[in-house]
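Common to both upcoming complexes is chain A, partnered first by chain B, then by chain C.
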Partner chain A sequence: MTPGFVLRRIGFYVLICAITLFFAVPMLWIASAPFDSSPGLGVHWPDWTLENFRKTLEHPYAMHSMVNSLLICVTTAVAVTLFAALASYALSRVRIPGRDALLYGLLLLSSVVTGTAAMVPIFVMMFQLGLIDSRFGVALVMTGGLLPAAIFILKDFVDAVPKSYEESARVFGASTGQILRDVVLPVARPGLATIMVWAFVNSWGNFLVPFLLLRSIDKQPGAVLMQTLTDEGGSVNLQVLPVFSLLFSIPVVVLYLLVNSRYGFRFHGGIKS
Partner chain B sequence: MAGIDIEGLATVYPNGVRAVDGLDLHVADGEFFALLGPSGCGKTTLLRTIAGLEPATEGTVRIDAADVTRTEPGKRGVAMVFQDYALFPHMNVSENITYPLKVRRVAMATRTATAERTAGELSLQGLLERKPAQLSGGQQQRVALARAIASQGKVLLLDEPLSNLDARLRLEARTFLKKLQRDLGITTVFVTHDQAEALALADRIAVMESGKLRQLGSPREVFARPANTFVANFIGSTPMNLLPGTVAAATGEVGAVSVAGGSLPATTVSVPADAEVTVGIRPEYLTVASGDVTGPALRGVVVVAENLGTQSLVTVDCDGTLVGVTVPEETEPSPGTAVVLTAPASRVLLYDRDSGELLARQPTPVAS
Partner chain C sequence: MASPSAPVEGVAPARGRGPARDVAGLGVGRAFGFVAPAFLLIGAFLIFPALWTIYIGITNYRLTGVEAVSPSVVGLSNYTKALNDALFHNALWLTLVFVLGSAIIGQNILGFTLAWIMRRTRPAVRRTVEAFVLLAWILPSTVVAYLWVAFYDRDGGTLNSLLGTQGTAWLIDYPMACLVVFNTWRGTAFSMMLYSSALQAVPPSQLESARMFGASGWQTLRDVVFPHIRGHVLTNTLLISLWTANDFSPFLLTKGGPNHESETVPVYIYNVALQGGELGYSSAISFLLLIANLLVSLVYLRLLRRRS
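And now, the complex of A and B:
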């Protein structure tokens, strides 16, 4: 226990505390501000009230934007899971020349497809398809952006499911439909659930795509509406915003807890359990 | 119950590998038949081709006299147990056993009854509600067997049925499997790379190498008279001695062959004297002679003795050639001892030096 050692330990813990504080303050704000009668930008012990919740519920667009968010994200999550399942199953079970190159190419390009780089082409494309200002169009673009990574993750998972399950069912006379329903789907369910939650969470927080493609305020999801939550004067509406942020975070947390309790977040690729 | 007839069967993979290469085989009704060979010899592919999981490129497969070469696996009347058992992890034992019946939309009551009866036959009572992950290796194997039996196939196919069990359990399961097959009388084909397993279980064994049949016969025939040096090498827990030799004399009923600086008796074969041959003799059939030996014998010095339990494998250096011989326990000579080895003529096998095929005996051999 030299003085140098003690000093180093103290320095280390001070650093840890500073980092923890940095991440804890926003959390504390979102936990306290919604219940405070005069919410500000700082963290302090709230003067308890539920008035902010009433204001938020009465806000003309706030709750409606949550419905829009749910609509867009559920559509995206279901579409991503469905198409990724079909594609990854096929890619895992059928030998295609250049399959791995195709997968890596897709993964590489996917970050470009929905990223800022493709902003203009996507807008033009959706404009020509007549899907501007359509929630379906937003879901479609986000599905396209998430699919490559979803296929990549899910293929690894399907690869780890032994082929002999399906062959065994085949020998006993099961049809392709029966094999899918009785064997493949139940065995792959944890993987599918993981992908569905991942797609939902990713689209839930997506700001750029709906911001680009949606015009009418009554179609905007929560992620976009949040930046327009201002009062008559044009400054940030500090009564609605904290409550809205809190409500906005709930679906994601609930989904994580739900899936974690049912399956645990297991990725079956890599190391076989 | 039904036999299997295979004619000119070939299975070629897309990359051009002929995994099964022009095979003719007949498995009789109720027979317990082993496909034996080293890994990559095509035995599993042959089994999968019989099941219909691999398409046959040439030839025909008949089950119960019906041509099933182009029939879907589920319509062939075969039941199969996979090497990894392939028990559905989300179904309990009962659901696993009756899945073949569920596929055929058999009524629930019949299914439950079948599950209970089959589980009883395979001593799985009390485990019906468990998931496969909650079972031991031996229990999992019995569930896989129960499921195959419940599917009421005409033919049972087993892919390496014992390879996933630990050594002690394997012997238990072997006895169990043989008794079960006897009781059910179902035509069974199983694949193994373990020669001891094949010898112990099968009524007949087909030894395969690179997609071709190398020998077909009862365990006794395959063990005592391997048809070629490949089979001779592969069968037997202690490897057969395969030594270069020369036919010394071919007169009368008993000839002799010079080998490893000495000689061994041999029944006369259809090759002239002085022909170069490979002499095959199992370590179990060689004996360490006590006292003087006048007839043909090998003389050498003990190099090392390995304990095998009830017997020991002794390696003897005979004029620079190493020869293995087994001796009963507690009679092993210590290293450095000079010994004389003899063998009965009927146990000494002569193989063609080039082709490796067994040379036919001239007079019909006396059954040993």
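And now, the complex of A and C:
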């Protein structure tokens, strides 16, 4: 234990503490303010109360926006999973003419056409289709945006499913429909679950698309309502916003932990969740 | 789409990997039927808008007024306008600062530092630190933005309490610096995870011999570690730059203000299109952003393919 070694150890732990504090301190507010009887914007030890929760539940739009979020995100997640599953299975097992070009195009699309780059034409298109202020329209746009990456990840899962299962089922005389339903579907379930969670989490946090396409406050999902409340300001909202932030974050964190513990990976294809 | 989805790391379009065998007897016809719904949606809500940008970009289409009803084609005048538009130049410059500061320098260096120092820490410490870094990454963007608005607040914000600088309006006085710190915090998790897995590919025996020869930490990094992870540094930098340049969350913190001081290209597009109503002009700028994204993605895919 030379002095140099000790110094380096101390420096090492100081560095770790500094980095951890950098990440933790801005988050402390969401842990303290919801329970504080006089919530402000700064972090301090709360004067415990659950009054803010009551206020939030009574707020005319807060819980309603959660329902909107749920509606939009469940639609998106189901549509993404269903269509991506069909497409990825066909792309994995059947050599469709031009398949490689299709896959390459998908990969490009998923990173090139971002929400910000496409917001103007999407807005104009939905405007002309009369789908402005429609939650279904929001789900459609989100589904289109998530599908390329979803197909790509799912194809990877399906490629990894041994073909021998399907072959033996076929030998025993199973029809194509039976093979898909009774053999492929159960084996691919972890992949499907992951994609569904991934699509849900992504659309849950999506601010731009609903912000762009929804006008009335009673159709806004949580992500947009938070922004609306922030812009309004005022002391009532300072009671509602912290609780709402907390409640709105819980599904994302829970789903993340679930996928992480259930399937033991958290870094599939550089995609969150 | 606000948090762009990643092309799959390490998976270039798999040519010849696992020859496609139609084991369930699907047939090409039904295969097309399986692929069709997904591609219809992608075509309608992704490819068509991207191509339509080109057309809207050469018209004088507006949100309201005469040009909203009957827009006319104005050729390339939107692009020549962009060349002389000081606010667009300002947006380009701020995007460059944002990408350079928060992605190329901030997330890259902090992410690598975390991955490097966490290699040999105790699992409990490692898990705790990673939990906070990951939490910053997975929380919804509006929540995160509000956390930072509160953190930077002039009256009673945590930053002012910590530094004892009551009354400093950080988001108004130093908007770009605030955004750079915010985005570094927000996105470091990705670089940390990518570098953690990259560092596992460095042979321990080489690190061992570097230590035996008395190489300093810096020399080890430069001569032993870096050659092994060079490809990862490049792909990571490309991806996080792409995402940062397309990030809309600056809007949630500053809305581009004060006085355009933090108006990056995505925020500028929104402000021109929806606040100013100039759909034609903002489409032209969107198209330039699409082209930039395409160039970066092509380089990225070429790198991936060469590696696999």
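Quick note on the criterion: the second predicted complex is superposed on the first by the 232 of 273 C-alpha atoms of A that agree within 3 Å, B and C clash if a C-alpha of one lies under 4 Å from a C-alpha of the other, contacts with A are read in each partner's own complex, and residues count from 1 in each chain.
Rule of thumb we're sticking to: a residue touches a chain if its C-beta (ideal position, glycine included) is under 8 Å from a C-beta of that chain, and two chains touch if they have at least 3 such contacts.
The structure presented is a predicted model; accordingly, all values stated were derived computationally and were not measured.
K.L.:
With the two structures overlaid on chain A, would chain B and chain C clash, or do they fit side by side?
P.N.:
fit
K.L.:
Using the superposition on chain A described above, determine whether A:110 touches chain B (first), chain C (second), both, or neither.
P.N.:
Once the two structures are laid over each other on A, A:110 reaches chain C alone.
K.L.:
Is A:91 touching the first partner chain B, the second partner chain C, both, or neither of them?
P.N.:
In the superposition, A:91 contacts chain C only.
K.L.:
So, does A:167 touch the first partner chain B, the second partner chain C, both, or neither?
P.N.:
So A:167 meets both chain B and chain C here.
K.L.:
Between chain B (first) and chain C (second), which, if any, makes contact with A:186: first, second, both or neither?
P.N.:
first
K.L.:
By residue count, is chain A touched more by chain B or by chain C?
P.N.:
Comparing chain B with chain C, the partner touching more chain A residues is C.
K.L.:
Go through the superposed model and pick first if A:48 touches only chain B, second if only chain C, both, or neither.
P.N.:
A:48 contacts neither chain B nor chain C.
K.L.:
Going by the contact rule set out at the top, does A:202 touch chain B (first), chain C (second), both, or neither?
P.N.:
After superposition on chain A, A:202 lies in contact with chain C alone.
K.L.:
With both complexes overlaid on chain A, does A:136 touch chain B (first), chain C (second), both or neither?
P.N.:
neither
K.L.:
Between chain B and chain C, what is the tightest CA to CA spacing in Å in the combined model?
P.N.:
So the smallest C-alpha to C-alpha spacing between these two chains is 7 Å.
K.L.:
Quick check on my understanding: which residues of chain A belong to both its chain B contact set and its chain C contact set?
P.N.:
After superposing on chain A, chain A residues 95, 167, 169-170, 183 contact both chain B and chain C.
K.L.:
For the complex, give me every residue of chain B touching chain A.
P.N.:
It comes out as residues 14, 51-53, 72-75, 78-80, 82-84, 86, 88-90, 99-100, 102-104, 147, 151.
K.L.:
How about chain A: which of its residues touch chain C in the complex?
P.N.:
Touching chain C from chain A are residues 12, 15-16, 19-20, 22-30, 33, 40-43, 79, 83-84, 86-87, 89-96, 99-100, 103-104, 106-125, 140-149, 151-153, 156, 159, 163, 166-167, 169-170, 176, 179-180, 183-184, 201-202, 204-209, 212, 222-224, 226-227, 230, 241, 245, 248-249, 252-253, 256, 266-267, 269-273.
K.L.:
Give the list of chain A residues in touch with chain B in this complex.
P.N.:
Going by the criterion above, the answer is residues 95, 162, 164-165, 167-174, 178, 182-183, 186-187, 189.
K.L.:
Which chain C residues qualify as touching chain A in the complex?
P.N.:
1-9, 11-15, 17-18, 20-28, 30-32, 34-35, 37-39, 41-42, 44-50, 52-53, 56, 61, 110, 113-114, 117, 121, 125, 128-129, 132-143, 146-151, 153, 155-158, 160-162, 185, 190, 193-194, 197, 239, 242, 246-249, 252, 265-266, 269-270, 273-274, 279, 282-283, 286, 289-290, 293-294, 297-298, 300-301
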